[in-house]
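Okay, structure first, notes after.
Order as written gives the chain letters A, B, C, D and E; numbering starts at 1 within each chain.
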Amino acid sequence: MTSQRTRRRRTAPRTPVPIVALAVIAVVFFALPLLALVLRVPWSDVGDLFTASAPREALLLSLLTSVIATACALVLGLPLAWVLARTQLPGRHVIRAVCTLTMVLPPVVAGVALLAALGRRGLIGASLNDWFGIRLPFTTPAVIIAQVFVAMPFLVLTVESALHSTDRTVEDAARTLGASPWTVIRRVTLPAVRPAILSGLVLTWARALGEFGATVTFAGNFPGTTRTLPVATYLALESDVDQALLMSVLLMVVSFVVLVSMRDRWTGAIGGRR
Amino acid sequence: MTSQRTRRRRTAPRTPVPIVALAVIAVVFFALPLLALVLRVPWSDVGDLFTASAPREALLLSLLTSVIATACALVLGLPLAWVLARTQLPGRHVIRAVCTLTMVLPPVVAGVALLAALGRRGLIGASLNDWFGIRLPFTTPAVIIAQVFVAMPFLVLTVESALHSTDRTVEDAARTLGASPWTVIRRVTLPAVRPAILSGLVLTWARALGEFGATVTFAGNFPGTTRTLPVATYLALESDVDQALLMSVLLMVVSFVVLVSMRDRWTGAIGGRR
Amino acid sequence: MSVHGRIIVRVGDCRIDVPIDIASGTTVALIGPNGAGKTTVLRCLAGLQPLDDGRLVGADGVWDDPGAGVFVPPQHRRVAMMFQQHALISHLNVRDNVAFGPRSRGVGTTAANQRAADVLARVGAAHLIARRVTDLSGGEAQRVALARALAADPEVLLLDEPLAALDAAARPAMRRLLAADDLPTRVIVTHDPIDALTLADQIMVIDDGALVQAGSPRELVDTPRSAYVAEILGLNPLSGVLTGDQLLIGGYPLTVGAHTVADGDVVAVVRPRSVSLHRSRPEGSPRNVWSTRVEAIERSADRVRVRLGAPLPLVVEVTEGGLAALDIGTGDEVWASVKASEIAVFPN
Amino acid sequence: MSVHGRIIVRVGDCRIDVPIDIASGTTVALIGPNGAGKTTVLRCLAGLQPLDDGRLVGADGVWDDPGAGVFVPPQHRRVAMMFQQHALISHLNVRDNVAFGPRSRGVGTTAANQRAADVLARVGAAHLIARRVTDLSGGEAQRVALARALAADPEVLLLDEPLAALDAAARPAMRRLLAADDLPTRVIVTHDPIDALTLADQIMVIDDGALVQAGSPRELVDTPRSAYVAEILGLNPLSGVLTGDQLLIGGYPLTVGAHTVADGDVVAVVRPRSVSLHRSRPEGSPRNVWSTRVEAIERSADRVRVRLGAPLPLVVEVTEGGLAALDIGTGDEVWASVKASEIAVFPN
Amino acid sequence: SSDDTTLTVFAASSLTDALDDIIAEHVAAGGPPIRVSYAGSSTLAAQIIDGAPADVFISANPEQMDAVTTVIDGHGAPVTIAHNSLVIAVERDNPLGITGLADLERPDLLIAIAAPEVPAGDYARRALDAAGVVITPTTFETDVRAVVTRVALGEVDAGIVYASDIAGRDTTDADTAAVTAVPLGHPDAARITAEYPAVALDATNAAAVDFIAFLGGPVATAALTARGFSSP
């Protein structure tokens, strides 16, 4: 995004105190409830979590579906972001709004919309059912579809925004060197927006991992095939709050490990910069 | 983010066909369920929606709280993003992960965490109650807190990512011209990441507008003070699916109008570029 | 590869209309003031900016013809452009930037890397091969940008100020490189008249979007067709009114030699070398002699330029020895003389 | 404002160690090859890069002293830096970029805008005032960057190649501007030896992070202390071995005049003007006469440089008239002569 | 509650329509203003245990009521205000001809029941056990409302729900009209009903105690019956 991004060592200007103060408030605001949650968890029961198969099954399903959903969002979302950012498509404001709406829709309603389209009596679900015998609801693919539906906009918007701020002259240079549009995209543009893609993927994955409403509405809740960890957590809240808290913390720990292990990579800070 | 972003008119390289094809699939994937939803809505009843006061009240509350929540996220989130991107704070990977966790947590659990921290028996809620007589849960501020808690990460991550890719040389130039750190931030850096801030705000607002689980858990469901449109929609699903769908579509329409009216602004495309 | 046609294009408020006539294998220098449209012309040639009107035809067929709806995209033109701001790909290192062209044209990685190493050595940047391009100094980046264009093995090289950031010691070698026989057709934008005069077979002078003059370096020096061309080539242009062999410049009369210009407004050009300076009024053949003041003395390594004040704002070049003999300084009074035959006039 | 001290800093693999001695109100030119560390020195002076060691003291106190833990940030140094890549603020238009400095220092909007307009007019960019900086051509952007630095009204102006992208016709005016009396202390990085020699009171020659020579233009031209300095100033450096008044250059013997250099490895410098060319073996005083071939002839507006081949790779400057009289071309054989007293030698 | 006379009620969300009617009657009869927060019983219980400012709690099952009453001191006596029996929800006009729980064993049927963790699922399982019927549901919904929605949308062929879920619906709308209730068709199973206990969380709060009494009275019972609940 930079014609000549310099990487000089530099004197960092001191961050003004009000900024630091507000940032500290923000961190406390996030950390305190999480801490309170962790404190409330009955850690003595933590052994049950791993002996019981249900949470493990749900966790595995969650990880599997959220990763696949993220991959699908990448495959569909990148091209969409590209078209929105780089073409002069007349209706692109409308298209962009349509593709952002699922973020706003209450997830349960998003699930209803999916049923209306892909359910047994749905707009095209009926044909899928009648002609090919394909029934999406109550299957693991339905979980993935629900996650993609609500989570993909995060990728699209993040990447589109980054695509707008890339330096087009660098792409021009690549073109005059004989690079086909494909090569330019693959070797120049996408690497330039890599941080945005990574952070879009993290947002998407996080949203998919935490997805509950659309999943439960469109895919239902069957252990092993559609009961993801958030669904299991929700149910546990009905009967066994302690187990619910334990499962939430499990989800938190998994995400935490993933996020911390990515270090600065997904935000665009260059690897080992001091 | 560019030392010299050129705005030349240029020949757009043709977008490769597979990209267009995938983008079309993505658009259909989003549009179809929304269309199916709209088709299913009993439009004949739409009059009731506006004569009945409950949906109107819920919509107003939703708009009010989501806008305030977005403003709070801006005030706290910008400084946090700045600190994460621009300081060499040792624990910043951990802080960043902590501030991203609420995206992954099932919203209901996020609500439980807030209760655990700010509830009347909560970690600091107890002191707030005993010393100042402040009770946050079940009030409109609680709705806003719940929304900020789950939605702010979107702003933080989007802006942090953009801050990493700004051209630091331009900031250097401003500093040698006598600009204080504040002036540099206000007049150079923030305008440079404006598209990212805008798109972060849209993401945050959207997430806050659609928020249900954390709200109902932490703030309850009182008409007029804590019953936001998603909560009302959820409730309506109990008894009157048609009204629930109508309300969802109302939410969609409001968001759609806002999103379309922002045109290209929030994604960084420059205003009137052809 | 030869390229012919006419570029007509608008950028912002600036309309560019330049005929193009580039013979195969030649070097064309594009000179002109800032904002004249030189970069824009290169972009049109490269296919980065579509013509609004006019037509461009390469040896291999029509490149751009908005009338006929023909447009060949950049990657099919076999041109390579070097950008004024370098436009290096910041996430690739130096080698990968330079190897980008060959690899885009299907050359294997090993061969492309070899080519990158060779070309980098040619531009004196072999030691930079493993560096991140974001760590380069201005001149280093320029060498890499030049290497990248060369490595692409194009049939037309478009170079936008290839030497601007190079140090003085490196320039001669780089000039020789740009003049090398094994390079293809070249179009070089430059602000250095010496580069234009020494490197180019043809010089195109562009001003305000229009072609002011095109010709060989000799032609331009001998018969600059406008004051602007004369000035840009380092000659002294003066505007005045001609009547027969009498030239009136700001009220001051000069006698000019044989010429074919009609009476009226003209521009006269005097070479810095043609003016002589004297302590006292000189006797002898020069028909134009006047007294004036020294406004400034500028020294370079081995020449001295003396800027004269009213009535004729001329720059005069003398030797150090000559200056020492004259023993003058800024503000001193001197006599200047120029022979009538040394003053060239053109219609304005 | 005067600045003194010593800059010691590492960037990448390059260690920079340069003593600084800038007198108040003077103009210092920084010259040196690409990657020598010129930009880095400016950045240290500006306070954009902290010293690793050494110390910088301005007239108003210590600026940077890593030993003592003192560091004055850029905004409190009253310097203004113009960047090699311009670094314009892309979301502000030209006027707001130029007014940025005054406004940052607390000047009101109207006054700052007025100042911007004035300074833009001074650099010949008044017509660009309302333009977006992303729409500027290379040279236009450079003028605006220069104007921005000037408008900040600093006590030290740091200019990184301020004229590189300007057209030839604009340069003299801009040089005069940079030499103007009302400007503060100036540190100018340039690749143009003419600029260094004509603009600067002091020239600092930097190579590979070290100060090679510092002195007035006259001092550098008269006694370049290394071959590098000589070359950068456009003189002909030759390395050889000295024995008494005999100099052996690649096996070829030359006689040199009076000197104070000890026998051994030396560098000899010959000015392009000092060498004469002849069709046949010349008779007369020059003690060094040899026969060689013309390798290249480079023409500029009003001088011709002839590059000679073995045994001595010299560049010779002759006049057009002289060349015509000689009637030689590339590849022809010529005789060259140089007087012993015209060869300067230094220890290597 | 800014206004001290306002009564705050936390009620299970399945009671929404009936309770809104009852409150209107109560206010009309001179009762104090009432504000209600509807949510799942477990959410409400957790909130109350956490100190939520509720005066009255109406749960959809005795377990959550127990959870609250064991923690909160000084509460009044819980009163069961309604029962809710189970029915089989099928598509309008019952195209598959389902006549009772026994039919749900048919292998071609797609069946939704609530998850055993939520009360409706627990009751459904007990009813199935009582009838000696073994079924393989396609999905365990997280709440009973979702079971109705599934049937209404045609995603499943049948589901076990509360009678009030169907009877209490606004019959003018298209979706609800698409669902028909079929009795369980087994006497033991039919005896399994859900129970709605209500409690005044502070026995000294006269308004709350009054409201509990009103809930047990004939006006409330009529309103509940109209929405498909059965009287205790």
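Note that in this section a contact is a pair of C-beta atoms (placed from the backbone, for glycine too) under 8 Å apart; a residue touches a chain by one contact, two chains touch by 3 or more.
Model, not experiment: these values are computed from the prediction.
Participant: Could you compare the number of C-beta pairs in contact for A-E with that for A-C and name the larger?
Facilitator: Comparing A-E with A-C, the pair joined by more C-beta contacts is A-C.
Participant: Average the CA atoms of each chain to get its centre, and name the chain whose centre is farthest from that of subunit C.
Facilitator: Using the mean of the C-alpha atoms as each chain's centre, the farthest one from subunit C is E.
Participant: Roughly how far is subunit B from subunit C, going centre to centre by Cα mean, in whole Å?
Facilitator: 55
Participant: Between subunit C and subunit E, what is the separation of their C-alpha centroids in Å?
Facilitator: 88
Participant: Can you list the residues of subunit B that touch 2 or more other chains?
Facilitator: In subunit B, the residues touching two or more other chains are 2-6, 8, 10, 13-14, 108, 112, 122, 167, 169, 172, 175, 181, 237.
Participant: Among the residues of subunit D, which are close enough to touch at least two other chains?
Facilitator: Residue numbers touching two or more other chains: 43, 47-48, 73-74, 85, 135.
Participant: Going through subunit E residue by residue, note those that touch at least 2 other chains and give them in order.
Facilitator: 43, 46, 149
Participant: With touch defined as at the start, can you tell me which subunit C residues reach subunit D in the complex?
Facilitator: Contacts found on subunit C: 12, 31-36, 39, 84-85, 131, 135-140, 142-143, 160-161, 164-171, 175-176, 191-194, 197-198, 217, 221, 228, 231-235, 271-273, 296, 298-303, 317, 319.
Participant: Using the touch rule from the top, collect the residues of subunit A that touch subunit C in their complex.
Facilitator: It is residues 2-7, 167, 169-170, 172-181, 183, 187-188, 191-192, 194 of subunit A that touch subunit C.
Participant: Touching subunit E in the complex: which residues of subunit A?
Facilitator: So the residues of subunit A in touch with subunit E come to 112, 115-116, 119-121, 137-138, 216-217, 220-223, 226-227, 231, 234-241.
Participant: Going by the contact rule set out above, which residues of subunit D touch subunit B in the complex?
Facilitator: Touch list, subunit D to subunit B: 43, 46-48, 73-75, 77-81, 83, 85-92, 100-101, 104-105, 132-135, 141, 148-149, 152, 154, 158.
Participant: Can you list the subunit B residues touching subunit A in their complex?
Facilitator: 1-6, 8, 10, 12-16, 18-23, 25-27, 29-37, 39-40, 75-80, 82-88, 92-110, 112-114, 116-118, 122-124, 148-149, 152, 154, 156-158, 160-162, 164-165, 167-169, 171-172, 175, 181-182, 184-185, 195-196, 199, 202-203, 206-207, 209-210, 212-213, 229-230, 233-234, 237, 244-245, 248, 251-252, 255-256, 259-260, 263-264, 266-270, 274
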